[in-house]
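Pasting the structures in now, so scroll down.
Next come two complexes built around subunit A: one with subunit B, the other with subunit C.
Right, the complex of A and B next:
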């Protein structure tokens, strides 16, 4: 697999799996507003994943659905941050905040990059992400003095670093006020046990009727 | 032989699948129509990437061109060429009449929370500017929820992107 396809799959897998995790709050978020917010954000992230899979599908001579659903768990390239099954609000908001900050750094780099097709798509994604960032920033500001939230941010920080290529990590550290030096990043390539369960659930319908069109 | 004007006129009859008061032309998602003999190429620039109506819109474009007796070639353009500034003045008025506040014009730089909380947003029902943001997110990716203090009802605001 060429480097471009690998990059597109890393991006798409991050967005698909985070969208899946965010959608787990649909119906059970602490308030109705957050129920709507998480559902809408999840829908956007999965939309971004689809657009990125479509670019990858051209490279790999397949289609977006096959890339999203027909690979084995170890073929997914998503960062461990998005795979974590988080059951409390402090950690969930900490992940949204850290992911959006990391994603912003990555999107800025893609918009300036040499790959015109990917730069165009990154610019479109960036417009939608503006609203995700507003949501994350509002929550981060609201919870800034809460020990549970601060602990959650510190706990997830090594995972947040693993979202980005090493050269972009100092930019993220500067934005969120944490350090790269003393932290061992949790890198892509390893899958948590929680990911296998997610994968089973996510691909169940597709596996139940191979080749079906919906 | 079909003309580009005839194609544009036919596309202007296709309703948005989720907000049927506005046509795809009013929504600004048709970037270009090029006619070459019986071959019609349409550049379609989607709204939100997560919008479930995208496939429906693409199919409607193809069926409309086929109904004119031409061969459709719909290209989906995945760059940032669509923004809410592409919604036509007529489209904005139709949105308002249907109870959706049209999007605010795009400012330089990204939208901020202060802008969303400003009094610039008018209630589509009573015209009051005494409105506040209830939720950045709404029933579809393209909408936010606001509340009118004057007529005391919620309304949907098209997000500016």
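Right, the complex of A and C next:
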């Protein structure tokens, strides 16, 4: 697999799996309004994943659904941050905030990159992410003095670093006011047990009827 | 805080009350209303109005039962048709 396909799959897998994880809050978010908004944002992330898989599918001569659902768990390239099964709102918002900040750094780099097709898609995704960031930043500002939120951000920080290539990490650290030096990033390629369970559930319907057109 | 949400479906159309969002402040109301009333591309624009800012009128004085001020009971359809015929203008298409 060439480097471009690998990059596209890393991006797409991050968006799909975070969209999936955030969807787990549908129906149980802290308020009704947040529930609707959070679920809607999660769906947007899955929409971004689809657009990225479509680019990767051309590269790999397959289709977006096959890439999203027919690979084995160890073939997914998503960062460990998005795989974590988080059971409380403080951690969930901390992840959303850190991911949005990391994603902003990554999207900025892609928009300036040599790959015109990917730069175009990144710009399109960025227009929607503007509102995701607005949402994440509101929550982060509101919970800033809440110890549970601060602890969650610190706990997830090594995972957040793992979303980005090493050369972009200092930019993220500057944005969120944390340090790269003393932190060992949790790198891509490591899959926790929780991811196997997620993969099992996510692909269940597709596996139940192989080759079916939906 | 409760914000009443008014939604404009297409440019030039009047805003119609769509519902409300309960939010701690205007910024959260913006983030939430955006997703709740706009995620399907169903809105051209939204107005968010703090409920407290709405001046409501519910009391009416109609002590003398001034029925002649009301239009119910009057049928002007046939008279309007005659008037149009006299003026030589056709009735507009329905809708």
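Heads up, the rule we're going with is that the second predicted complex is superposed on the first by the 214 of 214 C-alpha atoms of A that agree within 3 Å, B and C clash if a C-alpha of one lies under 4 Å from a C-alpha of the other, contacts with A are read in each partner's own complex, and residues count from 1 in each chain.
Please note the rule applied: a residue touches a chain if its C-beta (ideal position, glycine included) is under 8 Å from a C-beta of that chain, and two chains touch if they have at least 3 such contacts.
Nothing here was measured: the structure is a model prediction, and the numbers come from that model.
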| item | value |
| --- | --- |
| Combined model on subunit A where subunit B meets subunit C, clash or fit | clash |
| Partner chain(s) touched by A:120 [first = subunit B, second = subunit C, both, neither] | first |
| Which of subunit B and subunit C A:203 touches, first, second, both or neither | neither |
| Which of subunit B and subunit C A:26 touches, first, second, both or neither | neither |
| Contacts of A:40 with subunit B and subunit C, given as first, second, both or neither | both |
| Partner contacting more residues of subunit A (subunit B vs subunit C) | B |
| Subunit B versus subunit C as contact partner of A:131, first or second or both or neither | both |
| Which of subunit B and subunit C A:48 touches, first, second, both or neither | first |
| Contacts of A:183 with subunit B and subunit C, given as first, second, both or neither | neither |
| Touching partner for A:142 - first (subunit B), second (subunit C), both, neither | second |
| Subunit B and subunit C footprints on subunit A, overlapping residues | 33, 36-37, 40-41, 43, 131, 134-135, 138 |
| Residues of subunit C defined as touching subunit A within the complex | 21-24, 27-28, 30-32, 34-36, 39 |
| Complex contact set, residues of subunit A against subunit C | 31-34, 36-37, 40-41, 43, 131, 134-135, 138, 142 |
| Touching residues (chain side subunit B, partner subunit A) in the complex | 48-52, 78-80, 82-83, 110-113, 116, 134-141, 145, 159, 161 |
| Footprint of subunit B on subunit A - complex, ascending | 33, 36-37, 39-41, 43-48, 50-51, 54-55, 117, 120-121, 123-128, 130-131, 133-135, 137-138 |
